[in-house]
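Every chain is named by a letter (A, B, C and D) in the order it is written, and numbering of its residues begins at 1.
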Amino acid sequence: MCNSNILIKIIENMGKNIIENKDYLTELDRAIGDADHGINMSKGFSAVDAKLDEMSGKDWGSILKTVAMTLISTVGGASGPLYGTAFLRASTVVDGKMEIDKEDIINMFEQAVEGIKMRGKSNKGDKTILDALIPAFEALKLAYEEGKDTKIAFKMAEEAALEGVEYTKDIIAKKGRASYLGERSIGHQDPGATSTYIMIKSINEVLEQN
Amino acid sequence: MCNSNILIKIIENMGKNIIENKDYLTELDRAIGDADHGINMSKGFSAVDAKLDEMSGKDWGSILKTVAMTLISTVGGASGPLYGTAFLRASTVVDGKMEIDKEDIINMFEQAVEGIKMRGKSNKGDKTILDALIPAFEALKLAYEEGKDTKIAFKMAEEAALEGVEYTKDIIAKKGRASYLGERSIGHQDPGATSTYIMIKSINEVLEQN
Amino acid sequence: MKKIINHKEDVVEEMLQGMVKAHPEYLKRIDDSNVLVRKDAPIKGKVALVSGGGSGHEPAHGGFVGLGMLDGVAAGEVFTSPTPEQILKGIKAVDGGKGVLLIIKNYSGDVMNFEMAAELAQMEGIEVQQVIVNDDVAVEDSTFTVGRRGIAGTIFVHKIAGAAAEKGMDLDDVKRVAEKTVKNVKSMGMSLTPCVVPAVGKPSFEIGEDEMEIGLGIHGEPGIRKEKIKPAREIANILLSNILEDMKLEKDDEVAVMVNGLGGTPLMELYILNREVHNLLNEKGIKIYKTMVGEYMTSLEMAGSSISVLKLDVELKQLLDAKADTPAFRIL
Amino acid sequence: MKKIINHKEDVVEEMLQGMVKAHPEYLKRIDDSNVLVRKDAPIKGKVALVSGGGSGHEPAHGGFVGLGMLDGVAAGEVFTSPTPEQILKGIKAVDGGKGVLLIIKNYSGDVMNFEMAAELAQMEGIEVQQVIVNDDVAVEDSTFTVGRRGIAGTIFVHKIAGAAAEKGMDLDDVKRVAEKTVKNVKSMGMSLTPCVVPAVGKPSFEIGEDEMEIGLGIHGEPGIRKEKIKPAREIANILLSNILEDMKLEKDDEVAVMVNGLGGTPLMELYILNREVHNLLNEKGIKIYKTMVGEYMTSLEMAGSSISVLKLDVELKQLLDAKADTPAFRIL
């Protein structure tokens, strides 16, 4: 159904949006972290960007694995292994596939979520990436179950991710550097959840044009 | 000529005078040292005192050697090895002798001076023990050469020692802790030269009564 | 900040160069990476041990690379985990075909990065197992960590697992003795002064002129409490009480003891503390088989010390005594 | 003053107890004296080596007692010479019938007390020789010393003379190689912070927040000058220039290098300094045969480092490489 060409466009757009939001993400991480999330992610996606040409024409699994390995070896900071694992797990679902279907999409997201939970020993409510990713996944799954098409499903995922980002403002961090601040982390939006949202939004932008 | 009984009395008197001057010597050492010369010497001579009985009836060499070894192992601080060496060297001159003569006296003093020079790598003018002991020895030797008797000779040695102590006030210290102070040692009397003087005076006090 | 460094951004790079220049007979560096491995790595047919973590704890961990201890280490920035690809480089450089055991100190970053590297290595066909060291009894769920932190007791794991690997034990057995060591070792520390991370430029925390912090972490993470400094005897008592409360030691049990300097405490004081530790353990009828006093896992220039107690059995004693030849620790 | 001690008057006593408790396989104490000797002393038919000095420089010197290095040491109060009778106890306890060599650091008190002990030992029929170590090129005729001071280069003398004695060389030959080592080794240090002698209770000298003192002595004796702290590269250059100006080294000469920590400087920084030392010596075509980086002769908690360069020949290399087994230094 979905050709891997669209994946290349999605990844390219993710990179564009992450890099555009570099300072924003960094400022969020200044408040409750070490002020480098934007720097880390931009470094990672710049490196990914440089590999877009060589990924062209490859299968979904190969592309996602390349993204994973690139992020792992360039991001620096917790988000590297976390997002890297997410992409790596997702890649195993669609290994060798040039075309994928809804089942694959759901499974990739599920694997991404499980990967981050396992790698970060974290879960919803810890004020992390997962507080955007898990609501997004649940909304996506629900939309598909209700028979919605992919574009609608992802729009709903994006909305849920945004709500998740908002939600992270008011809770205490239990994982990552923000957790070192204890109650002082309350009132601040989580950087990782924000970059997750940006990435999901980036998927939508590409789906709309295609 | 001189029986070793008199040596016992001399040593006893040295101990009495040193201990009486404990605070005085310590204060001198406070100004240009580490405020312990009186403490050191009193400790040494108290230990010597405890051995007076067992030294009674022994030969000159044995008595002086016992004093030497006792001072070495109890004085603590530079004056221990220095005075210890002086007494040790002196003891070799009169090893086994129950009676000694002027020749022995001169040789004992000479050995004491040489011993301290060798042990301390020092000489007259360094603002030390030797600035009392060398003048005392030279005065003693001169007095004997001029045919004076022992009591007179030692009085002259005592005077020379006192002059030497005075002299130490105005010179810069080149050895020992006082030398750490450089020019700030000028204007202060040397503790070691002072205890030397006290010891020579102690000899005289005994000679007068005998 | 007064340090003997050049540019603060270059401290780890320059330290690694300095280590290799100092110990060419022990260490080689993998290209320009932050990975140091045994000069003779990979050793075919031997289980390989990889460890590491943030820099700033020297001699841990590069100082323990060599015969009978570690095969390779990855060094992160000061007090920062190494990245997965650095660790993976280490794993690949030391893999002798019998598998690799990762010795990981329990800090979120270290665990995440080492586990990521393990997964990548397994994807490349290398068998990787891991143990997580969590010997610090001071706090549970501190900053940086879920559960207990890994501190100086890690060196016991390096030694014992290293000896097991050196004598040809297989990966399962090397892991088994490593796990046994982790289970049997408990530690706790205290600090008198903070340290200064070069990139930060100022002290890592504040402490009064007459205070000590009990249970402080090796990156300066908060401990149990600050209190007025006490004599060595009471410090030993506080630390040992916490340790012994956690271990179930009985009269006539045999232990190994480590009195570890955090960097700024003179060796004289570590020996004074050791005297207290021995006296206290002797009072309880606990037999001390071996003692290590010195700087094993430091925190830059922090003044303070940690005490580790390792409960021994026949196997652990034998592995503890086995020959070792590394820059920082040797047994003939 | 923040230290891990009990009563300040008991520091040396308690440290000695702590050392013996830590290293029962290496050390024994002579009664209640401040003398530590090899567990297996006296070794009949072997020249014995005795050293020591003030406490506060640990691991020097008790840490170097054992096979291939020292037979016995006498420990004085902090930064104070041991007394002649302590040293004599040491001489008598280690005398194996082939004579004793005293290794004395050049400080007036040490020289006086060790020479006094030598004289007393000779009176008892023990053959005693001595070497005086004066490797510090920083100052001539400083406080405490006539001529140059003995600092970290002393450890090279311990090792080389120790190896000579261990292999059965006679007293004249052991003294010969010790003298050769003294002649061939030059050192210089710098400090960033003072130390605190327990009995005194306050810092041994003052130094600005951004200053270093070049050529400071290990008891805090004045150095050449205070100046603004410089990067490691320049520190190495200053120290090495002074050292090399004094030695006559030529291209292709082989040396051993020691980068010694004074107590409070992290090992990371010592390795960074070592990198600079190696680079500078390499530039001059001088070959570095062996490097030692760590705390060998400290000054309590003083931050700083000293560099020692030892010019080698075939004999010195062989003795430097020889097996050694002591608490603080081992070669397999």
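The rule is simple: a residue touches a chain if its C-beta (ideal position, glycine included) is under 8 Å from a C-beta of that chain, and two chains touch if they have at least 3 such contacts.
Listed by chain with UniProt protein names: A, B, C, D = phosphoenolpyruvate--glycerone phosphotransferase.
Note that the structure is a prediction, hence the values are computed from the model and not measured.
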item: Steps needed, at minimum, to go from chain A to chain D via contacts; value: 2
item: Centroid-based (C-alpha) most distant chain relative to chain C; value: B
item: Distance from chain D to chain B - Cα centre to Cα centre, in angstrom; value: 35
item: Separation of chain A from chain B, taking each centre as the mean of its C-alpha atoms, in whole Å; value: 90
item: Intercentroid distance (Cα basis), chain C paired with chain B, Å; value: 59
item: Separation of mean Cα positions, chain D and chain C [Å, integer]; value: 28
item: Two or more partner chains touched - positions in chain A; value: none
item: Pairs of chains, among all present, that meet the touch criterion; value: A-C, B-D, C-D
item: Complex interface listing, chain D residues touching chain B; value: 83-85, 108-109, 111-113, 115-116, 119-120, 143-144, 146
item: Touching residues (chain side chain B, partner chain D) in the complex; value: 69, 72-73, 76, 78, 80-82, 84-85, 88, 119-121, 175-176, 179-180
item: Chain C-facing residues of chain D, complex; value: 2-7, 11, 14-15, 17-19, 21-23, 55-56, 58-59, 63, 192-193, 195, 209-210, 212, 229, 231-233, 235, 259, 263-276, 278, 288, 291-295, 298, 300-301, 303-305, 323, 325, 328, 330-332
